[in-house]
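Multiple structures follow.
Across the two complexes that follow, chain A remains constant while its partner is chain B and subsequently chain C.
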Partner chain A sequence: MDDVGPEGQKRLLDSRALVVGAGGLGSPVIQYLAAAGVGRLTIVDDDVVERSNLQRQTVHADADVGRPKVESASAFVADLNPDIDVVTHRTRVTKENVADIVPGHDVVVDASDNFPTRYLLNDFCRLQGVPIAHGAIYKFEGQVTTLVPGGPCYRCLFPEAPEPGTVPDCAATGVLGVLPGTVGCLQATEAVKLLLDAGDPLVGRLLFYDAMDMTFETAPYQRNPECPICGDDHVDSIDGIEYTSACAVGAD
Partner chain B sequence: MGTVTWRLFADLAEVAEGREHTVSVDPDGTVGDAIDALLAESTGLRERIFDGDTIADDVNLMRNGSPADPTESVADGDELAMFPPVTGGR
Partner chain C sequence: MRVTVEVVGEETRNVDVAADATYADLARAVGYSPHEVSVMVDGSPVPEDQPVDAGRVRVLRLIKGGSSGATLGPPS
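Up next is the complex of A and B:
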């Protein structure tokens, strides 16, 4: 393929990608980044495989039920492409460990399932200059965007998360099984583009996917000069930010 | 009198009991007027989308595909949209 070629393939092999979450979104991301030959994959997840996951979490199989997802995902990658180095962290990404996990990666794929993790990754990665391929799902809908230094960050779009309990999460509502497959593939596409420095990533654009209507739409969004993370007078570290509820950046 | 169409995403569509709502606004109406017209037919939505007197931080407004402000004018046939962040991924 002209736009990748041996040089691009080498570039992927020399790349390091961090996938946060080895669930519905993380499964296709891990699968396609491994298949593409991204040389090092770091996978973070604190969960174990449950049978009810298998309708959508396609790197895990029936025999993996009860096994930590990072182990199951790592074994999947080893089967698919033994040339990939896999590093696993069986934990959640937290304010305390994020500085031990993120640095050293060329791209972060946010395949997490909760607002505190998403805001933490946005804030930390932006301050460190690491791009994020973001994807999130709700029942039959997906939202995808790409957050790179110089472009707007997630807080420019949504300064704060909804109050806890406002938006039901997937665990409470359920999700169309194939939905995270579609959205995760879009995130993997964006991650590969970022690693190859190819194409036109979803920067300053939010893509909406509606599985019921089978529509894809993008809406533009801008940098917020007053954004506490990437604005003109941004914070220097995440130390003063709480990632427990609405993820507000404190006024103090 | 003109009409504008609201498109709502994720839980907002559930609270408002529908993804699309067509409402009437005066010829010199604003996005804010169109919000009021939407709220008039969607009980419960006010509590979800307002934080005090202003639109909550987690709700984004668009008019014809671009970010919008409640004070800006609307024209007959405009498409308005309101969307929250979603966070599922498991």
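Up next is the complex of A and C:
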């Protein structure tokens, strides 16, 4: 491909990507970033493989049930592309460990399943200047957007997380098995574009996918000058932010 | 006043709200708690307690899932 070529392939090989979550969204992300030849993949997840995961978490197999997902995902990558350097962290990304995990990566793929992690990644990565390929899923729907320095951040779209229990999640309602495959592939596409510095990334646009109607819709959004994370008078660190429920940024 | 509300991923509706209605009231009028959506005017979210002063808004639903979660069978 003219837009990638040997130079682009080398660029991917020299790149470092962090995938947060090795579940439904993380599986296709890990698979395609490894297949693309991204030189170093860091995978973070604290969970173990359950049999009920296997209808959508395609880097894990029946023999992996009970195994930490980071181990199973790492073995998958080794089988697919042994040239990839895989680093694993069997943990959740938290306020306490995020500074040990994120720096040094060229792109972060947010394949997490909870708001505290999502807002923490948004805030920390924006302050560190690391781009994020974001994705979220619910039942038959997915959302994808790309968060880069200079563009709007996730808080420009959704300023604070909702109170716990006010938004249904996949654990309560389920998700169509193939849905995270589609959404995760879109995130992987964005991550590869960012690493190649190619194309027009999904910045300031929220892509909404409805699997039942098989429709894609794009909603534009803008950087909020008053955003506490990327606005004109943004915070300098995440020290004053609690990532437990609504992820609000304090006034002082 | 009459407001055109586009719920992304769903239909667009014309909603009549009281003159002193807030954007939270508008979200509720299309069936959503203000906790689970962002009401956007010209590409930016507006505070839920602010009085409605736009003739057209876009409503984005906040969704949570990603990594874990339960299995959903094929639709019947």
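Quick note on the criterion: the second predicted complex is superposed on the first by the 252 of 252 C-alpha atoms of A that agree within 3 Å, B and C clash if a C-alpha of one lies under 4 Å from a C-alpha of the other, contacts with A are read in each partner's own complex, and residues count from 1 in each chain.
The working rule: a residue touches a chain if its C-beta (ideal position, glycine included) is under 8 Å from a C-beta of that chain, and two chains touch if they have at least 3 such contacts.
Because the structure is a prediction, the values reported are computed rather than measured.
Colleague: After the match on chain A, would you call chain B and chain C a fit or a clash?
Modeller: clash
Colleague: Just chain B (first), just chain C (second), both, or neither: which does A:237 touch?
Modeller: In the superposition, A:237 touches no partner, neither chain B nor chain C.
Colleague: Have a look at where A:97 lands relative to chain B and chain C in the superposition and call it first, second, both or neither.
Modeller: It touches nothing on chain B or chain C.
Colleague: State whether chain B or chain C is in contact with more residues of chain A in the superposed arrangement.
Modeller: C
Colleague: Check whether A:219 is in contact with chain B, with chain C, with both or with neither, and answer first, second, both or neither.
Modeller: A:219 contacts both chain B and chain C.
Colleague: Touch check for A:55: first (chain B), second (chain C), both, or neither?
Modeller: After superposing on A, A:55 lies in contact with chain C but is clear of chain B.
Colleague: Do chain B and chain C touch any of the same residues on chain A, and if so, which?
Modeller: Comparing the two interfaces on chain A, one with chain B and one with chain C, the shared residues are 21, 23-26, 53, 110-115, 135-139, 141-143, 157-159, 161-162, 166-171, 173, 175, 180, 208, 217, 219-222.
Colleague: Tell me, which parts of chain B touch chain A in their complex?
Modeller: Checking each residue of chain B against chain A gives 9-11, 48, 56-58, 60, 62, 65-67, 81, 83-90.
Colleague: Quick one: in the complex, what on chain C touches chain A?
Modeller: The touching residues are 8-9, 33, 35-36, 38, 40, 42-45, 58, 60, 62-73, 75.
Colleague: For the complex, give me every residue of chain A touching chain B.
Modeller: Touching chain B: residues 21, 23-26, 53, 57, 110-115, 118, 135-139, 141-143, 157-162, 166-171, 173, 175, 180, 208, 217, 219-222 of chain A.
Colleague: Show which residues of chain A lie in contact with chain C when the two form their complex.
Modeller: 21-26, 45, 47, 52-53, 55-56, 110-115, 135-139, 141-143, 156-159, 161-163, 166-177, 180, 204, 206, 208, 210, 212, 215, 217, 219-222, 224
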